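Heads up, the next two complexes both have chain A, just with different partners, chain B and then chain C.
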Partner chain A sequence: MQASRARLFKELKEVQREKSADPDIKLICDDSNIFKWTALIKGPTETPYEGGVFQLAFAVPEQYPLQPPQVRFLTKIFHPNVHFKTGEICLDILKNAWSPAWTLQSVCRAIIALMAHPEADSPLNCDSGNLLRSGDNRGFNSMARMYTRLAAMPKKS
Partner chain B sequence: MNGDEKETSESSPLRLDLDPCPICLRPVNEEAFLDECFHKFCYSCIAQWMKIVSGKSKSSHQPSTLRCPMCKRESSCIIHSYDGRSFKKHYVNDCYEDRSFFSSSHKQRLQCYYSEPGSFEDVIDVLRYWKFNKYSQPSRWLEGWMTREIQALLQEEDVEIIVHHILGVIDSFSKRGEEQRRRQTSAPEAKRSEFKTLVSNAARPFLTARTDRFVHELELFLASGLSIQGYDEVYLQHMSQKAEEQPQSSTAPIPFLHIFDDDSDGPG
Partner chain C sequence: MDSQEKQAAADCESNNDVLEIEDWANFRDDDIMRQHYDIRDQEAEKIPYVGDKEPLSALAAEYHSGSPILLEKIKVLSDQYGFIRRTRGDGNCFFRGFMFAYLEHLLVSQDRNEVDRIKGKVEHCKKTLQSLGYAEFTFEDFFSLFLEQLDSILQGGENSISETELVQRCRDQSVSDYVVMFFRFITSGEIKSRSEFFEPFILGLSSSTVDQFCKASVEPMGEESDHVHITALSDALGVPIRVVYLDRSSCDSGSVSVNHHDFIPASDQHTLDGGSVAINPKITLLYRPGHYDILYLK
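On to the complex of A and B.
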């Protein structure tokens, strides 16, 4: 508990110090609870998520960093490895491939990489996975693009 | 501390901050390295991670390697306590505290070996043991005691062969001693040093640097004539008493000094 708190404070300091280090990620710690974080990540370029800003919710366990944080999308996203309703993410480093050398910041980077490289063979969103597996990239892109516009981009008045 | 040292110690927090432990993100405390990739961590951080990883594997077979959190290379041990000349190795499946055979009394005995040989010999009259030829009367607790002792020292469960080897040496020594006693040929001091040499030679290939202390503890145990449990109790009592007495450094006689009452004398 004490160790996880100390480490999260370190990460918080690092995030505040290097605000401009990674322009694609903005990590925000809850005002009253260091174990609750949110992140805003930019959709990677040359993907249907480009131009969108996606919100992630982190719940950090007391055994962190010996155990991985729980992360889910708060922003709706059409992606084979993200549950369409709950925002749950299927990513090995958040499960058995976790290493204590990962940080919240590097987890965000891993999620951005996952957005750019979907794994259609282990889908949480079967519709999205099936489009990619059947080779319908155009169909997949237009669905993903539509949801990015709907949920991850500012509404045009 | 001279000026130079002060300067380096002042600049060191900054320097350490650039190379923190990847697990706690703080300056490395008690440097430890994985033996394949030499990535550096706090000893406690990487040991804790190793415990998590080996606890996770569901099969009864414990993993014998640890994947580096930084580079994923598999290492078989953590190198730590490097002081410029020597270092210690903590093997991946060597979480002896988790093993079933390693009881709290094993741990206590191991701690005894890590502490200075104290004034416990004041409590146990070793010379009396030799003078009255106690060694000719074998202790029936010796095998159990020695098994635990060597298990603790080697942190290994199966020590049967070593125990039997040393017991055999002691046994033949006792038998020879019995004959010599009948012929009244040997002085107690000579017997004592002969015993120590014999046991040392038998134990040294296994216990190496710990041998002399082991022989010392063995002699104390034999001279006490106590059971394993009784010996542990007397030892603990003595240690706590010593801790209390330390400030006054009193040397008052302790009631259980006279472990050998005359009625227990002589071979049964």
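On to the complex of A and C.
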């Protein structure tokens, strides 16, 4: 518990120091609880998520950094490796390939990379995975684009 | 949280007993992870990270009605070795075995020169990781915990510990797992910094790149060790390790013999080539396919 808290404070300090280092990621720690974080990440360019801003919720376990943080999308996203209802993410480093060499910041980078390179063969969102696997890129792109517009972009008045 | 999700969360909590799970549609990755941890905890109750020192006859007892070759080999082993100390089979057994055997050796020998030497190596490993681009705050806690153990091993200081305390520490997850993770960092740094040397071995094992191998098979806790890990750790710290192999292989020529392999640090090999100093590893691990335990000379 003490070790995880100390590590998270270091990450917090690093995030504040390197604020401008990664303009695509904004990590925010809960004011009253160092084990709760949210992140805003920009959809990668040349993907249907471009122009969208996606919110992630982090729940950090007491065994951190020996155990991975739990991360899910709060913003609705149409992606083969993200559960459409719960926002759960299928990513190896959040499961058995986790190691303390990762940080909350680098997890965000890995999630952005996953957005740009979906793994259609291990889908949590089967509809999305099936579109890609059947080669219907146009169908996939338009669905993903529609949800980006609906959920991840500011409403135009 | 929408209501359906709340329901899902509630389901998981009420269905901790695996047999009662009715709604598999709501059984998510998180639940699988939790199940993994539960199984690990249950196993943990059966054997501590590091067991008690047992006579070698305890090993023979395991194969009571088993392979005669193994019983023969254990008999051969007992000429040289008197005791075994088991480690938990959680994928970290090589690192855990090395941790205990090395710290115990220092505690018994009180070899201050060796402690100073290893501290120098650790400092060097830190620089290696930094030059590989690791952020210091990701590994420094693991490093300082190991250095703390070294300091308390030497007697006469305020925080000196006894053999019993060493056993307790190595059984305490907050120390034991941190030291294992320290070794994983060291091993990964060594492999990456000498990638051209390790690449062919890694290709033979897993047909992945050096970076992928370190990311998937060295740095995560619970990933089992192979000769690549042992070579890298032995080289990085400059500590020779003997591994005795207990398996069913035999030769037809009659008498049974037990194979062993000495992992001699790369830096010492040059001395070997030039001079004639025989290197006697102070650390001996017993390998049975898939698992490492600690062996003690008579």
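Note that the second predicted complex is superposed on the first by the 157 of 157 C-alpha atoms of A that agree within 3 Å, B and C clash if a C-alpha of one lies under 4 Å from a C-alpha of the other, contacts with A are read in each partner's own complex, and residues count from 1 in each chain.
Here is the rule we use: contacts are C-beta pairs under 8 Å (C-beta built on N, C-alpha and C of every residue); 3 or more make two chains touch, one makes a residue touch a chain.
What you see is a predicted model, and the numbers here were worked out from it, not measured in a lab.
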Partner, of chain C and chain B, that touches more residues belonging to chain A: C
Chain B versus chain C as contact partner of A:66, first or second or both or neither: both
Where chain A meets both chain C and chain B, residue numbers: 3, 6-7, 10-11, 14, 65-66, 96, 99-101, 103
Partner chain A, residues of chain C touching it in the complex: 2, 4-5, 8, 28-30, 33, 134-135, 137-139, 141-142, 174, 177-178, 181, 184-185, 188, 215-216, 219-222
Partner chain C, residues of chain A touching it in the complex: 3, 6-7, 10-11, 14, 65-66, 70, 83, 85-86, 88, 90, 92, 95-103
Residues of chain A defined as touching chain B within the complex: 3, 6-7, 10-11, 14, 63, 65-67, 96, 99-101, 103
Of chain B, residues touching chain A in the complex: 20, 22-26, 45, 48-49, 52, 56, 67, 69-70, 72
